[in-house]
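One chain, chain A, appears in both complexes that follow, with chain B as partner in the first and chain C in the second.
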Partner chain A sequence: MLASLSRELLHNLRTALQALGAYTFFFMRLLKEVPRALLRFSLIVEQVHNAGALSLVIIMLSGLFVGMVLGLQGFDLLERFGSEESLGSAAALGLLKELGPVVTALLFAGRAGTALASELGLMRATDQLAAMEMMAVDPVRRVVMPRFLGGVLSMPLLAAIFSMIGIFGAQLVGVQLMGVDTGQFWSQMRSAVEFGDVLEGVVKSCVFGVACSLIAVYEGYHSVPTAEGVGRATTRTVVISSVVVLLLDYMLTAAML
Partner chain B sequence: MRVRGLHYSVSQRPIFAGVDLDIERGSVTAVMGPSGTGKTTLLRLITGQLMADRGLVEVEGQDVAGLRRDGIYRMRRRMGMLFQNGALLTDLDVYENVAFPLREHTRLPERLLRHVVLAKLQAVGLRGACRLMPAELSGGMARRVAIARAIVTDPQLLIYDEPFVGLDPISLGIVLRLIRLLNDTLGLTSIVVSHDVHDLSAFADFSYLLSGGLVIAAGPPSALATDTREEVRQFMHGLPDGPVPFHYPAPDYLEQLRQLR
Partner chain C sequence: MRQTRTIELGTGLFVLLGFAALFFLVTQITNREFGLGDGGYLLLASFEQVGGLKPGAPVSMSGVTIGHVEGIKYDFSEYKARVTMRIDSDYNRIPDDSDAGIFTAGLLGGQYIGIGPGGSETFLAEGDQMQFTQSAIVLENLISKFLFSKAGEKQGDAPAEVSTP
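This part shows the complex of A and B:
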């Protein structure tokens, strides 16, 4: 029993290490292609539209509701200590440093990541990638790179929009509904939020952008060319991205505190 | 193009065990065989998508196994391949699909590119469909667009993987005629992989019959049709039972029924 358990553990560990190695090689290959990909910027712009612009509605709506909830919960908590005027700074710091990048990354993985993975998976299943290979066109250079860079560029922009709308949502509830003073709300926020806090959010969203985009294009590009394989690649994209984002969030928070 | 002593296996299951074949310049060569004999695998080996375990695959005097990635890409620029389903890029319209290889490999001025693309679409009879998306095309039309895309860079070798699957008689006739016409007028060499014996027999110059990992018959289609060997006869005349058995290997039927009880 113990022997079979340890054998399975070893097998899983080996599989995980192999996957990590494969991810690293793929990432290196993508990095090598960056200068050449930047020369065809129109392809990247197209993908920024697909991954970023088409995710705007879900990001803005989620940002608004997260901000509104933060306003309610924050007010309830701060009122107990008689410091509800600090709601602005609490909401802004929470959104800029933590909720903005993390929730955006999770939503990005669910909306744009799955779209990327399934698109690449279907391209493989319908021989489109093989056809490119046969036309002497490298699919990684022509198809994967623009999508990867499009995702990487979109994420910080989406996170910034999420945080901005979130702060508006917190203000809407805190000031308009719960009666916190407008001046206090904004002045407390301005005095509490420093450049380092904004930078932390930007760094996190950039790292999450690289991670989520890499996972999506890797899983899609390497998916088994069947309906089940594409479905599995899509699911894996969401699951792996979510876990990796939360793990990276802890590591980055610990490093930047 | 020649293949000598080709060996290839997948997960220790041999697919080819010493295949020899020659493709003559300017000819239309048919590669036939029952489903699962590795016809598509052979094409992948010829085009460098797969590498043989042993043996020689030589295209225009170059050993494919000895080529690096950029060498393989250079070789493929002189080839065109038609996939079973056309494999058109679904986010581009017909015109852009045909223009795709030119946009990727050349810096032709837009006007010249337009002339070339329209000429190729005219050759396959689909100039009027140039703004349609792949989803709006019938199976036969998609395959004709794929042919236009395959010839847009003026390749020397054109490879067709099961080009007749799922086509209605009219589309099938058009594709058959196109393969012969393009081969003769453009001076191409064509390899057609299919199990459609009757259609291939009508227009191929030479044919190979693959079975059990080997070439079991080679010659003009008319010669294969009159071959008396049992395995050739079974395939050429579509006999349900023979060397390729009707039943998949299974334990004794009665024994299996008894076990279930």
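This part shows the complex of A and C:
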């Protein structure tokens, strides 16, 4: 009983390590292709449209509501300490450093990551990738790379838009609804937020962009070529992306604090 | 063709919005200023105590911001904190006997440097050191001084121990 349990544990550990190794190899292969892929920029632009421009509405809407709720919660919290003027700096720092990159990455995994994974998975299932190989076209170079780079480039921009809209959302609730002074709101924010804080958010969102895109592309490309396999690849994309983003978030925050 | 154009338009809009947001976050939310001007000139001042002064804090005269604190370092030749300030080049008529003090904006606000003009006919220029400085007030020192003076009042002359009330 105990022996079989430990054997299973070992087996799972081995599978996990194997997956990590496979991810690393795939990532290395993608990195090697970056200079060549940049030459075919129109393909990347198309994917920036898919991953970024089409995610714009959901990102802006979510940013607005996250900012608004931050305005409400922040006001309630700060009022207890009698410092509701700090609402601006609290909301801005929370959005820039934490909520902006993380929530954007989670939404990105749900909106763009799943689209990528299922698209590549279906290409695999319908033998489109095999057909490309037959024509001596490297599917990684032609199909995977533009999608990966499109995601990587879109993510920081989406996070910046999220944070900006969020700050306006917080201002909307804090100033218009709760009656915090506009001048106090902005001046406290400007004196508290430093360039490093913005940079931290950008660095985070860049890392998340690489992670989410890599996971989506890997899972899609390596999916089992059946209807079930594509579905599973899509699910795995969201699950792995979410966990990895939150894990990376803690590590990055600890490293940059 | 029409399809491609729509895609390009959408992508262009997204990229433009993204960079606009980044620019907004960097210039409007932070206290850093990216002026396109000549960058102003540097002044130096040494303080016994800078308190919570931070790089980027405003330098003001009569409440008007004329520059920003660029750097704070400890200077072992004087055993004081050396503050470097970048003053906008528009404000180039600060008398060379002006004094600089560190003040707090509001009760819990950030600290800033206030410059009080002197009466000299010559003006400070690039790299000059300000002669007269007034340190930041450390609240703890102020409170302990107050408590000591209160204790002294009660017990006559000897500086008595401060008893917790």
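Criterion: the second predicted complex is superposed on the first by the 257 of 257 C-alpha atoms of A that agree within 3 Å, B and C clash if a C-alpha of one lies under 4 Å from a C-alpha of the other, contacts with A are read in each partner's own complex, and residues count from 1 in each chain.
By our rule, a contact is a pair of C-beta atoms (placed from the backbone, for glycine too) under 8 Å apart; a residue touches a chain by one contact, two chains touch by 3 or more.
Predicted model only: the values in this text are computed from it and were never measured.
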Residue contacts with chain A in the superposition, chain B compared against chain C: C
Chain B versus chain C as contact partner of A:A136, first or second or both or neither: first
Which superposed partner A:S191 touches (first chain B, second chain C, both, neither): second
Touched partner set for A:A211, first chain B, second chain C, both or neither: neither
Partner chain in contact with A:V230 - chain B first, chain C second, else both or neither: neither
First, second, both or neither for A:L70, with chain B first and chain C second: neither
Which of chain B and chain C A:V102 touches, first, second, both or neither: neither
Which superposed partner A:M164 touches (first chain B, second chain C, both, neither): second
Touching both chain C and chain B, counted on chain A across the two superposed complexes: none
Interfacial residue positions of chain C with respect to chain A in the complex: 7-8, 10-11, 13-15, 17-19, 21-22, 24-26, 28-32, 56, 108-110
Complex interface listing, chain A residues touching chain C: 45-46, 48-49, 52-54, 56, 83, 92, 96, 154, 156-158, 160-161, 163-164, 167, 188-195, 197-198, 201-202
Chain A contact footprint on chain B (complex, rising order): 47, 49, 73-74, 76-77, 79-81, 83-85, 87-90, 100-101, 104-105, 149, 153
Complex contacts: residues of chain A adjacent to chain B: 123, 126-128, 130-138, 142
